[in-house]
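Below you will find the structure I want to go over with you.
For reference, chains read A, B and C in written order, and residue numbers begin at 1 within each chain.
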Amino acid sequence: MTTVLKVDSITMQFGGVIAVNNLNIDIHEGEIIALIGPNGAGKTTAFNMITGVYKPTKGRILYTNDAGEEVDITGMKPSTIAQLGVARTFQNIRLFKELTVYENVMIAEHLHLKSDFLSATLHLPWYNKEQQVAEEEVERLLKEVGLWEERGEKASSLPYGKQRRLEIIRAMATHPKVLLLDEPAAGMNPNETDDLTAFIKTIHDKYHLTVFMIEHHMDLVMEISDRIYVLDFGQTIAKGTPQEIQNDDRVIEAYLGVDEDA
Amino acid sequence: MQMELFQAIANMSGANFAQHLVNGISLGSLYALIAIGYTMVYGILLMINFAHGDIVMMACYFAFFGITIFHIPWYITFVGVIIATALLGAIIERTAYRPLRDAPKNSVLISAIGASFLLENLANYLFSGRPMRFPNIPLLSQNISFGSVQIQAISFVIPVITILSLVVLLHIVNHTKIGMAMRAVSKDYEIARVMGVNIDNVISTTFIIGSALAAIGAFMWGVKYPGITPMLGVMPGLKCFIAAVIGGIGNIKGAVIGGFILGLGEIMIVAFFPQLSGYRDAFAFILLIIILFYKPTGLLGEKITEKV
Amino acid sequence: MKKKRDLILSVILLIVLFGLSWLLNSEMDSYVRRIANLCMIYAIIGLSMNVTNGFAGQFSLGQAGFMAIGAYVVGIFTVPVAARATVFYAVPMNPAIAGIQLPVWAALLGGGLLAALVAFLIGAPILRLKGDYLAIATLGFSEIIRIVITNASSITNGALGIKDIPTLNDARYIFLATAIAFVFIAALINSSYGRAFKAIREDEIAAEAMGINLYKHKCLAFMISAFFAGVGGGLYAMLLGTVDPKNFLFTLTYNFLLIIVLGGMGSITGSMFGAIIVTAGLEYLRIFDEPLELFGMNIPLFRPGLRMVIFSVLLMVCVLFWRHGIMGTKELTWDRIAQFCKNPLAVFKRKGAAK
């Protein structure tokens, strides 16, 4: 299996605080990897470094593009990283709130447009062609996720669970190779979580995706992950298959805390 | 350019240089006093009080009315102007900013621009657009001779009053209860509110203090540069905001440093490069762009990262 | 199908309006014509401001500066060569440009392009700024442009300004320019680029994560905005017949701010409504600047300056109590009009009901 994303000993320091310390992660093509750990462990910071929101203080992030070449994406612009094929969702849902469901997904198609702004403005034939392809795809995606009926609604008017799904499908519209999900099941009840688990599996299989997610719902994590990384205080304290993680002492310590007197 | 600079320096006697220096320091002090108002409001509400420069303008008119029209002694007028201006600042906060406390930032910005524009137009309507002369106060505007150069007394008074005002301000901010509340709100608005700080009081006090300092600055500004017009506050206002940004917005000492850099810089540029005097007002804006480009948090500002 | 219907209706509307501008030109006196023309010019500039402030969400206050660039390009290059010696009587015009005279359309276009170029150059440092900082920086640049114009006497005639610019108080041409500007920007906003602008307005971080290059798109919006402000400035110069640095004080920008706040930040049709109301309103408010006598008594309230007081109170009231303006981010579309014709009362229903 080829490595599609390689996080090579990255460190992030904010002033005196080390949020992520010497993190190493290897993600192979087609895997579903989970990143777990207590609050404040540095999980989202790791995501932000991979997607270019933060530039790591130290270390490198390597990504294997479609041509099979390894590209150093450390400190690249988020938009460039998205264009290369790494898409993400956000922990606290960042939809374009005042825009419609349809527009939200349509915006993600923008990066595939080759037309310059004049041909787009004048709606020249080649732009219209591209636009039509994009429209068909948005329709297909929205139908797949069951939001086609709500396409004209404001994104912010959707119920919470649907907003999460919309955010995932919006990321899908950028045609990613690697999809980063930041707590996709946060705030969901068990039923919704089951639906989401099935949904992630479906898109993973259908689009040959590599999925890297941060999640607290252990049922979900244990059910669909191929491998799990556990982070605490910015450091990897364990990695392995779900079975290995469930039986790891340090993981149990990190989650349950250590009794001082023990 | 370099040749000209050497030429200019060669032509400038020590006395001349001292005169520019004194002018620069007094202009810098005035900028500092006004910049504090911007920085305090920004520190707490994260907004530019666009009307602050126009508060300075109104204070000049208050002084004009007190001394020239009602013949009140200047030292009593001085106190009256401070009170009236502080009140004006509080009223502006009440009517233009408080209703928009939870509104999008752009709305607050537009409201601030509206308040500034309203004050300018109101002054134009009430006092007419014709320039008026700030009342002459012989004690302050008399010239003091130092050999060949003459320097106005006010140029020495300004830095002294500025330092005094600063000492009082820093005492209020660092050693009183309301000062502590102000620091708390500027550190973390939400937490301070949850902890029971009366936000409305703190904000009103901030506007009152900022406007009072602006009034002190305005009075001295008027003595030094006696032409008063409704648009008088615009340029100093913009420049003082820039001074606050240069020093690090939200930081009182930073505002003072920024004010001095700007005041001295302006006077010295005109002194050394007289041919650039037409671009004097552009200096502040160019400095702003440079500082925002290389150190967006200003000289003394803290780094803020947006949470993702 | 609907798209086709809308297109046909829009074309008909444009033709009808063009006919109206023809009538306006032949039937109305020059005062009414001037106001109508000013409405249209202000609409172009208001719309240009809406591109950055309303659609891309970048609060810029540089419109007066870009207008000045367009106005001066028109002023410098359209004054007949023979008349230039009398216009530039204090400092002679720089010989490099003294012999160049451009046709009006070329000068207008050139002014727009120069404004866009300046926007491109200043965009690099300042478009990284946000909110209040961007507002101050753009305002500062607008002032710097004015200061440069005031000081570059051999090109701009400095503080004296340029007189004898060939005037254009012809509603037909100005209407054409307005129509082109509105159609162009409407098409832009309805393209993929327009959606990218809105995405940036809604959430910069999410937009970037969706592969939208922030700087490139902000810069594009800024340049397009500057271009149309420049063209608008050129038309403005031709309407006045003279330009002077004092025409382009940054307070001029506040007119356009009121237009977009009143019309709706992020609405194309709103920009037009805002421009008509503000421009016509400002003219109408002139009566407040005249002394008023009622029953032989002079009402002392009415004197020069009252108009602008009312104007600024209006801006405040608008933002305090009516934040979304007439249109908000919505558009007056044919769909909406059709709905209104079917059921006029639906408009008065609460937001929730309407889609």
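By definition in this document, a contact is a pair of C-beta atoms (placed from the backbone, for glycine too) under 8 Å apart; a residue touches a chain by one contact, two chains touch by 3 or more.
Remember, predicted model here, so these are calculated numbers, not experimental data.
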Core chain by centroid distance, with centroids computed from Cα atoms only: C
Most remote chain, CA-based centroid, reference being chain A: B
For chain A paired with chain C, centre-to-centre distance based on mean C-alpha positions, whole Å: 42
Chain B-chain C separation of Cα centroids, rounded to whole Å: 32
Whole-Å separation of chain centres (CA-atom averages), chain A against chain B: 48
Chain B: positions in contact with at least two other chains: 308
Contacts with two or more other chains, residues of chain C listed in rising order: 205
For chain A, residues that touch 2 or more chains besides their own: 53, 90
Touching residues on chain C, where the partner in the complex is chain B: 53, 59, 61, 125-126, 128-129, 131-133, 135-137, 139-141, 143-144, 147-148, 150-151, 205, 251, 254, 257, 261, 265, 303-306, 308-309, 311-313, 315-316, 319-320, 323
Chain C-touching residues of chain A, taken from the complex the two chains share: 51-53, 77-80, 82-83, 87-88, 90, 94-99, 103, 106-111, 113, 115, 117, 120-123, 127, 131, 134, 152, 170-171, 174
Of chain C, residues touching chain A in the complex: 184, 187-188, 191-193, 195-196, 198-199, 202-203, 205-214, 220, 329, 355
Contact set on chain B toward chain C in their complex: 42, 47-48, 96, 99-100, 103-107, 109-111, 113-115, 117-118, 120-122, 124-126, 128-129, 238, 241-242, 245, 278-279, 281-282, 284-286, 288-289, 292-293, 296, 306, 308
